[in-house]
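Two complexes come next, and they have one chain in common, chain A, joined by chain B in the first and chain C in the second.
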Partner chain A sequence: MKITTTHNDLLERLQTVARVASTRSAIQALSGVQISAGPEGVELRATDMEIGLRTPLAAEVERPGEVVLPARLLLEIVRRLGGAAVELELRPEHQDVEIVSGTARFQVRTLRAEDFPLLPSTDGEHTVAMPAQAFTETINRVSRSASRDETRPILTGVLVSVDGPSLRMVATDSYRLSVKQTQLETAIANGFEANVPARALEELGRLVTTGTETITIGVTANQVIFHIGNVVLSSRLIDGQFPNHSQLIPEAFDHELTVETTEILEVVERISLMAQKNAPLRLSFTPGELRVSAQTPDVGEASDVLPIPFTGEPFEIGFNAEFLTAGLQSAGSPQVILKLISPLRPGLIESADGSGFLYLIMPIRLNV
Partner chain B sequence: MPHVRLIVARCEVAYTGRLTTVLPEALRLLMIKSDGSVMVHADTGGYKPQNWMTPPTVIEEEEGLLVVRKRAGKTEDRIEIRITQVLSDVTHDMGEAAALEKDGVEAHIQEALADAPHFCGEGFRLVRREWPTDIGPVDLMCRDTADGWIAVEIKRVATIDAVEQLTRYLDRIRIDPAMADCRGVLAAQQIKPQARTLAEARGIACVEVDLAVVRGEREPELLLF
Partner chain C sequence: MAGLLAHLDLDAFFANVELLRRPELRGLPVIVSGSGPRAVVTTASYEARAFGVRSAMPTVQARRLCPQGILVPPDLDAYRSASRAVMAVVRDHIDIVEQMGIDEAYLDITGLVTPNAALRRLVAEIRTATGLTASVGIGPNKLVAKVASDAEKPGGFVRLTIEQARERFAGASPGLIPGIGPRTVERLSAMGITTLGALGAVDEGTLAAVFGPRQGPQLAARARFEDDARVEPERAVVSESRERTFEHDVRDIGELEEILGVLTAQLCGSLRERDRRGRTVRLKLRLDDFTTVTRARTLGHATDDEREIHGTAVELLREYRPARPVRLLGVGIAGLSAGDDQLTFAL
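Up next, the complex of A and B:
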């Protein structure tokens, strides 16, 4: 294999794919980026076996071939090259690739190309076109609620459902649940439901730029494949029964309060500074007033007051400060509706603009 | 009564036996226990002594010299400690030794879950602890609200081996036609992801338990499900 490309192009494409390369796999080739040069052009590929990414590279192919090079090392090398053009040539007799740019020369040992897996592709028949911005905006509203705990793999995913003109994403880590229902401008013919790793969707969010209008989604039995322009992101799907979210949302609440999102968010973020080491954020509701307070032993305490249209018997409820902040930030509307029942029952944050965002959050017990 | 002697001294330590070593002169802590153990500590190197001899030993002491000897087969292990300056030499009466008490071992979890089997599954009631099978006892045998049998295997940290162990017990238990539908539950303070995957593939339920919660010492966390 021998190719010549521009420094800028190579750096940009490597920055995209290197993120996906594995950092802790026993298979060395998975820590690499595969450079495939053929008659159709050059493609860079990386995978950690869960997520895979393919991106084309504009290059002149002098000799076709495939090679796997250590992703992070290659990225660091390319980042520091000074020349405008970069030449990469496989030298099979040395089992390395010579990288030449300007006066700089590198010889980088190759990784075992035969260990690098084939990345999945769709047959083109079972794909749907989706407005990119609506899709990624929906991801951004829910993905933070997905669990990071690998011992419960089902909860590390986002349940993505497409049915006609409706796109719904649900994520939960059992402490909170996010639901975002997005109405699409046009109905999607081939609907689907799939539990997609939140990590893959967050990567997709990074790949979609403001100029991306449409993404194509293909779902197979155990894979989902996203086409973002000429970049292809694939991910395995998470197997198993996702919790039935509609059963978790209480049918009725005792208190419904509409508040300005920025006002309550500012207070919550401010007082959260004193809710360290898992200390709860206390919300004390009295007629016309919400007092937010926090106390961390050996650190200090803080409180602030917010006028709020609360009526009825005063009560106090505790929340995880980070989770409450995330819910308010994700609402994405000027006003939110806080729905509460009692100190030990879940509370609901709903966007007040009818944009279909729900955030159910379990309280923390307060020891008075 | 048992005594421990602690000497802080500037000394050189020479060991002869299966090999020969020398610790050049420096300030060290010498610990001599009533059972004959001798340890030479520096203020670095963690908990491990720089040199030591396990009992039974013979300890001989003369001016500026401490010799510790021990027979090792046909040869003799010998530590010679040449002391040039003593900064401190104290002996303490240690009284009766109390054994290390561990909490949170498997037996404690089993005991706690036997008293509160509902933490292993809704409506579970205990039939027997250490239910015998011909390949060993299963930790708890319970019945659910529909009178179904449930074998519970308890671990502190559940690995794939625990799943295999419970699978073997279930195979034996299910030979009895009356218990052919016996289900399995793996209960542990921590369940490894691989163990959970294998257990679920075999239809074995996994339950992570918090000992303090099971004992009623702490309220459980509030969860959506």
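Up next, the complex of A and C:
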């Protein structure tokens, strides 16, 4: 393999692809980036076996071939090169790739190319075209609720459902549940439902820029493949049945309070400063008033009040400060409706503008 | 200001609770113990101790030493409620109390104007309120107080400075010090060290060579009654468990699962009583060859749910599949928290 490319394009493409390369795999080749030079051009590829990424590189191919080089090292090298053009040449007798740019020369030992897996591709059959901005906007509203706990893999995903003109995403870490229903401008013919790792969707969010209009999505039995321009992001789907979230949402609530999102968010963020070390945020409702308070042993305490259209018997409920903040931030509407039942039942934050956002949050049982 | 501590230790606690309930046994050698072939003595009255009966001794052996001993089955609920009554009296008098188990406590009495008089009043009041007697040791640290409370049991009342403690116990076996067990006593004896006086005077390097750089110097320091542990008013309870040693080894996994059910029910009853929930379920097994095995699984949330804890313990048991008969089975929960607790969806 021998190719010549520009420094700018190589750096930009490597920055995109290197993030996906594995950082902790037993298979060394997975920490690498594969450079594939063929008659159709050059492609950079990386995968950690869960997520895969392929991106084209504008280059002149002098000799076709494939090599795998350590991703982080290659990125660091390219970042520090001075010349406008970069030449990469495989030297089989040395099992290395020589990188030449300006007067600088590097010889970088290759990783075992045969260990690098084939990345999945769509057969072009079950693909749908999706408005890029609506899709990533929906991701941003729910992905924070996905679990980071690998011991329950099913909860590390976001359930993505496409049905006609309706796009819905659901995520839960068992403490809170986010649901966002987005109405698409045009109906989509081939609907699907898939549990996609939240990590893959967050990666997709980075690849979609303001200029991206449409992405295509292909779903196979165990993979989802996104085309974002000429970049291809693939991800393993999470096996198993995603929990039935609709049964978690109570049918009726005792209190429904419409509040200005920024007003309550400001108070919550302010008082959260004193809810450290998993200390709960206390919400005390009395007629006409919400008092938010927090106390961390050995740190201090804080409280603030907010007028609120509450009526009925006063009650107090505790929430994790971070979870409550995330829910209010994700609502994305000027007003939210808070729906509550009692101190030990889940509370619901709903966007008040009918934009289809629900955030159900389990309380913290307060000791006193 | 130099601190002053007291160690309060109830005398022959279980036996005395039994004597209160059955006064006809007073003056007789009472041995509190189960009656199975593997039972051990939980407590013996001082009359039984005169025959050489000691706590933790196999009951079979205790019966041989004291055939006229009266065996009383232990009634833990009665002891717990007696203990609560005693500790309530203690807390009425002293602010900083560190309870160490069911029948002893360290009290911080720094700053009391007449500490001896105050503690004599406390002991008298415990006796009036509960009928139980206690021994008291007073000293500048926990170690002196503890050894002093034990020195003249029952009904002891001993106050010592560090120097007085060193002098008084110089000729005693190192085993007198809590934390120096029979194995250590044996190893010390092999080095020619048989008294606390000798141990306190040994060059630290010599001890470090045998017992390691940490434990060696610590042994000598403790022999000199040096101790800087403070009275911690609330001992953070981090785990709780229930276990049972069988009269006959159990081979059948179904039977083990059933016993786990009983132990879990007891454990959960206690958790609920104290409003505690834990995150890690632990299974403990001792096989007939005395191999002890523990297995644990951490749940994503704190629980006191009997079905959940039993289910997890059974899973751990099935995964381990004991290859030999089991002589002891236990279930425990760790990562305990009380009060504030993040609730989770039932997923």
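Structure notes:
The rule is short, and it goes like this: the second predicted complex is superposed on the first by the 368 of 368 C-alpha atoms of A that agree within 3 Å, B and C clash if a C-alpha of one lies under 4 Å from a C-alpha of the other, contacts with A are read in each partner's own complex, and residues count from 1 in each chain.
Rule of thumb we're sticking to: a residue touches a chain if its C-beta (ideal position, glycine included) is under 8 Å from a C-beta of that chain, and two chains touch if they have at least 3 such contacts.
Keep in mind it's a predicted model, so treat the numbers as computed, not measured.
Overlay on chain A: chain B and chain C clash in the combined arrangement. In the superposition on chain A, no contact is made by A:168 with either chain B or chain C.
Look at A:153: by the touch rule set out above, it reaches chain B but stays clear of chain C. Contacts of A:13 after superposition: neither chain B nor chain C is touched. By the document's definition of touching, of the two partners only chain C reaches A:320; chain B does not. In the superposition on chain A, contact of A:346 is made with both chain B and chain C.
Legend: residue contacts after superposition of the two complexes on their common chain; A:366 is shown touching chain C, with no touch to chain B. In the superposition on chain A, A:280 makes contact with chain C only, while chain B stays out of contact range.
Of the residues of chain A, those at positions 151, 172, 174-175, 177, 243, 248, 344, 346, 360, 362-365 touch chain B in one of the two structures and chain C in the other. Across the interface of their complex, chain C is touched by residues 149, 151-152, 155, 172, 174-175, 177, 243, 248, 278-280, 318, 320, 344, 346, 360, 362-368 of chain A. Listing the residues of chain C that touch chain A in their complex gives 275, 300-301, 338-347. Contacts from chain B toward chain A in the complex involve residues 191-193, 196-197, 200, 219, 221-225.
The part of chain A that touches chain B in the complex is made up of residues 150-151, 153, 172, 174-177, 240, 243, 248, 344, 346, 360, 362-365.
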